[in-house]
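Going in written order, the chains are labelled A, B, C and D, and every chain counts its residues from 1.
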Amino acid sequence: MTTPAANPAATSAGSTAPATSAASAASPDVTSSELLSAVAARELAGRRTVFAGIGLPTLAASLAHLTVAPGLEVVYESGVCGAHPSHLPETIADAVLITDAEAVIPMPTLFGSVLQGGHIDVGFLGAAQIDKWGNLNSSVIGDWHRPRARLPGSGGANEVMANAAEVFVVMRRHDPRSFTEKLDFCTSPGPDRALADGIRPLGAGVTRVITELGILAREGVGEELRLAALHPGVTAEDVRAATGWDLQVAGDLSVIEPPTESELALLREDVDPERVYLR
Amino acid sequence: MTTPAANPAATSAGSTAPATSAASAASPDVTSSELLSAVAARELAGRRTVFAGIGLPTLAASLAHLTVAPGLEVVYESGVCGAHPSHLPETIADAVLITDAEAVIPMPTLFGSVLQGGHIDVGFLGAAQIDKWGNLNSSVIGDWHRPRARLPGSGGANEVMANAAEVFVVMRRHDPRSFTEKLDFCTSPGPDRALADGIRPLGAGVTRVITELGILAREGVGEELRLAALHPGVTAEDVRAATGWDLQVAGDLSVIEPPTESELALLREDVDPERVYLR
Amino acid sequence: MAVESAVTNGPADRTDRTDGTDGTRRGDSPADKTVTMREAVAAYVHDGDTVSLEGFTHLIPTAAGHEIIRQGRRDLTVVRMTADIVVDQMLAAGCVSRLVSSFVGNSSAGSLGELRRRVEHADPEPLAFEEYSHYGMICRYIAGAQRLPFYPLRSYGGSDLPGVNPALRKVTSPYPGPDGESEEIYVVPPVNPDVTFVHAQRADRSGNTQVWGLTGVQAEAVYAARKAVVVVEEVVEDEVVRSDPNRTLIPAHAVDAVVVCPRGAHPSFAQGYYDRDNAFYRSWSAISKDKERLTAWLAEWVHGTADHAEYVAKLGEEFWEGLAVGEAMSRPVNYGRRL
Amino acid sequence: MAVESAVTNGPADRTDRTDGTDGTRRGDSPADKTVTMREAVAAYVHDGDTVSLEGFTHLIPTAAGHEIIRQGRRDLTVVRMTADIVVDQMLAAGCVSRLVSSFVGNSSAGSLGELRRRVEHADPEPLAFEEYSHYGMICRYIAGAQRLPFYPLRSYGGSDLPGVNPALRKVTSPYPGPDGESEEIYVVPPVNPDVTFVHAQRADRSGNTQVWGLTGVQAEAVYAARKAVVVVEEVVEDEVVRSDPNRTLIPAHAVDAVVVCPRGAHPSFAQGYYDRDNAFYRSWSAISKDKERLTAWLAEWVHGTADHAEYVAKLGEEFWEGLAVGEAMSRPVNYGRRL
């Protein structure tokens, strides 16, 4: 299940794949949500368990389940394993996730035995800020003691980062304020910060950051996030300008194949036919 | 629910209670099990929760439930709370304890939240050896590494001693080998040994030892077991001779009222009509 | 109790919770612990107390929070993993001086206006905030329930949280790590609320409480507390509970009072009873952003209702029909009976 | 897996348990993990392994122990809270060199002859014995399941157990005790068996396992293990499991193989399926006390049967009628369905 280090995207930039026709697929009728969830889904190839919130992560997991990861199980923070919802859920605790689920377990078991126990392959996290090591801030903008904006805080994010084998981050905004040299506050540290604190991390931290500009990737301890793949029409300089640190670029930078007709059809007809999240 | 320190028995030696007629009730047709469970039941007056094994402790708890402790709940090591068995159970995990129970909980909850959490008023324990501080041995006779007799070990006894507010011990045998100056091995230490080990005990340890000769009692840290009450016809010297340490005698030594007709009727007709344990 | 008090520990003398002096407890069998919400809050919530309200998205004890507001409690420390609408309401009503939590937000639907004013602007007064992650809160409840001095967890390494929360500390393992070197791990301290409120589908009169669907951290929050109040959609006969003892999440011995309060979890939901009021969640961000609107809302819906039954009636039957759910019955299992 | 191996921890690289290289695992959905007991033991039990068999009086995985005997495994470390008849049998068959346990006895019915010969007389060979209390064993499983380096518990203070078991150690709490002084507590290390076997009433084909009645420490023992085998009375359709997701004690993601083996817990019991064979328990003390009788018993009932189905058939229908149980059905609950 290893993905080549700096080549996470489907189509290599130097390949003979139909980059032109692919680029045309990224036409204005493909929404940002469709693009991000289709690309994130591909990154889940071969994974078994995903810890995900509602929205883009579950769209990606659902699409992956229908394509590259047929055995994929989504585990929800609320304690639901193996959900079979009758309707698209509105929260991670939606009643439709519970009815017909394979298992509903207490939160101490979910966090202790499942997550900390090492059963999650990929955790999806969001954040207000991310730095080059994949450390995340979801607590405050400004000083914690008198913040300019108080954000929700960790929830289970600190635990997902510490315990999932890898973490994927999907960011709708790719700008220097979100991709920052220095976090206002570190809510969920990657393994490098953990090691510096004398704590042995259990997972690799953030390995993929998926945005509308491309994919940043790192593999584990000691590595920075590097630009690994670009959406058609985007340049490495575009991404470097949108990133608040001196972003390194992978030698084998690739171009991402736009969402295929088949992926779009699955998203639109099977995963979210009422376009609740595909806005 | 406090019991006067050194006067646990129903009838004071100096009282005007009908000691003679009571003594006659302790006639040969009262079995050892009937005697011990009737006396133990009285000691449960006002208690709410008892952690008990099958046999004498459950006979005592059942009788107490019908007499001096109507709200008494027996909690079983297996995870059963509020059992309503259709038949007399043969083990602490008997299927008849589960069906119709009020709650069946996982063992981590039982030991962690219920027992260690401080919800047990009285734990019943047995042992091969007991010393003057109420420390118990249920592991080996002889040296642990090459024992003359390997006994079952702690089970949950170590935890019951550490966490129940008080511990009652019912011993069928009262002789110097069982009531010993020095244990071959300390499986379940009372609070004095715990303190000496630098650990704060949570309960009082053994507060009552009930045998066919009488009742030994202590109230808590720093106190030895003292002879507190005698069965009719037994002298303090009889008990001292049967005890392997220099047993102290309470100043207000009392005489135990033998099982009453009413207690015997309940035991024989309601609690154990098939005389499974009333042998 | 004959235990030397010098050697007791953990939740200060747990035995006092059931000595009968509060007038609600056992002695006779079977105990009937049912009381009204008004009685429960009057008996178990005092100014300055530490109050836990648990229920993760599902079964949030909203009605308990509203009654605490009605009775005007002050200076409370509120312990709740997800500080959401009910916490924002208690803050706005001036009940709370300290918050212990791991998520402060209106679910995924937006912000808590009052909480943000308190934290960002000390408006109208500062709020002491003790911040954890979800598992940190869970472990605090577990340690509280199990009378442990601390609980270890693989969180916080490298985080800024220990820098703003001195309760997050490290312990060195007495066993070598996988590389043979010594190993450190973060720990959290126990929490022992003066009282915990949880909402559940049903209980018997003595407090054996059955929950299905998401069970969150309710059992641990109850066991950690000095007093525990279970709020239920319905009280059922003993035989109903006893037909399925594994469904009992909280045994009677851990419960001090049972409050019957149908629809007491609104705007959250009770699996199999009524669905979540997502529209109210979406509307809360705007209500709470405007202090006047928020005050008016509290005046109308909390202070303006005598109790939760009035609140429910005020919402109207048509409203509740909109949250009604259909049937998806569990298949029975056989517990067996000796022949 | 891209994680630096130098920084992984706990159960050595849990991810290897599901990478498909053992030929039994996922990738396709839904996985069918059903195998025979012979296949499960052949695949997951190797000489020298650490094997956990859990089930507290209820649902003891006897049939798994018998198949381990049939396949002649050697030098096993057996981890089991209550070392009882099945352990005595595995000892007598020469499978076990080390025992990790908190209770060594034939329930309340007497002694284990082979165990006592091994421990008291090193006959026919010594048995390494790592002794705990029940909660110590439970905490070792919890620590193993949760990848914790240690687990604290309020046991062992003043006991002689730490003197004979160096794994019992102390940690100083980083928080002051109730008297303001520092506080020490004993801890146990995690246990991570190579494989755990548990018995259960039912599972679906992918391993979602439902248990009722006593649930013991089975979930923790499974989560602590590198591989887990669930032995069930019956495999049921997915809809049965999904009608009551709270009944699922062990989710599929923690299970590597499902073995259908009716009556596989005999002489223990399966709540709602068959009762305990108390007569066999009572007879075991005499059988095991006499090495020749014990050897003959193993020859006839384990080596002399090809598998558990033969063992069951050999006991005969009349025998099983004696252990039959009547009906005591749980009342259904409503999980609700969105209208």
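Things worth noting here:
As a working rule, contacts are C-beta pairs under 8 Å (C-beta built on N, C-alpha and C of every residue); 3 or more make two chains touch, one makes a residue touch a chain.
Every value quoted in this text rests on a predicted model; they were computed, and no experiment measured them.
A separation of 38 Å divides the Cα centre of chain A from that of chain D. Per-chain CA centroids place chain A at a distance of 32 Å from chain C.
One simple way to say how far apart two chains are is to compare their mean CA positions; for chain A and chain B this gives 59 Å.
Counting partner chains per residue, chain A has residues 80, 95, 98-100, 104, 112, 116, 163, 195, 200-202 touching two or more of them. Among all residues of chain C, those that touch two or more other chains are 6, 8-10, 142, 147-148, 153-154, 170, 177, 183, 185, 212-213, 215, 219-220, 243, 246, 271, 275, 325, 328, 335-338. Taken as a graph of touching chains, this assembly has some other topology, since it is neither a line, a ring, a star nor fully connected. By the definition of touch given earlier, these chain pairs are in contact: A-C, A-D, B-C, B-D, C-D. Within the complex, the chain D residues that touch chain A are 1-4, 6-11, 14-15, 18-19, 26-31, 142, 145-148, 204, 206, 208, 219-220, 223, 238, 241-243, 245-246, 248, 250-254, 335-338. Against chain D, the residues of chain C that register as touching in their complex are 6, 8-10, 12, 147-154, 169-175, 177-179, 183, 185, 187, 189, 201, 210, 212-213, 215, 240, 243-244, 246-247, 271-273, 275, 324-339.
Against chain C, the residues of chain A that register as touching in their complex are 53-55, 77-80, 90-95, 98-100, 104, 106-108, 111-112, 115-116, 135, 139, 144-159, 162-163, 185-190, 192-202. On chain C, the positions that touch chain A within their shared complex are 56-58, 82, 101-105, 107-108, 115-116, 119-120, 122, 131-136, 138, 142, 153-161, 164, 170, 177, 183-186, 212-217, 219-220, 269, 271, 275-276, 278, 325, 328. Against chain C, in their complex, chain B makes its touches with residues 1-3, 5, 46, 48-49, 65, 70-73, 75, 80-82, 84, 86-87, 95-96, 98-105, 109, 112-114, 116-119, 121, 163, 165-166, 191, 195, 200-204, 207, 219-222.
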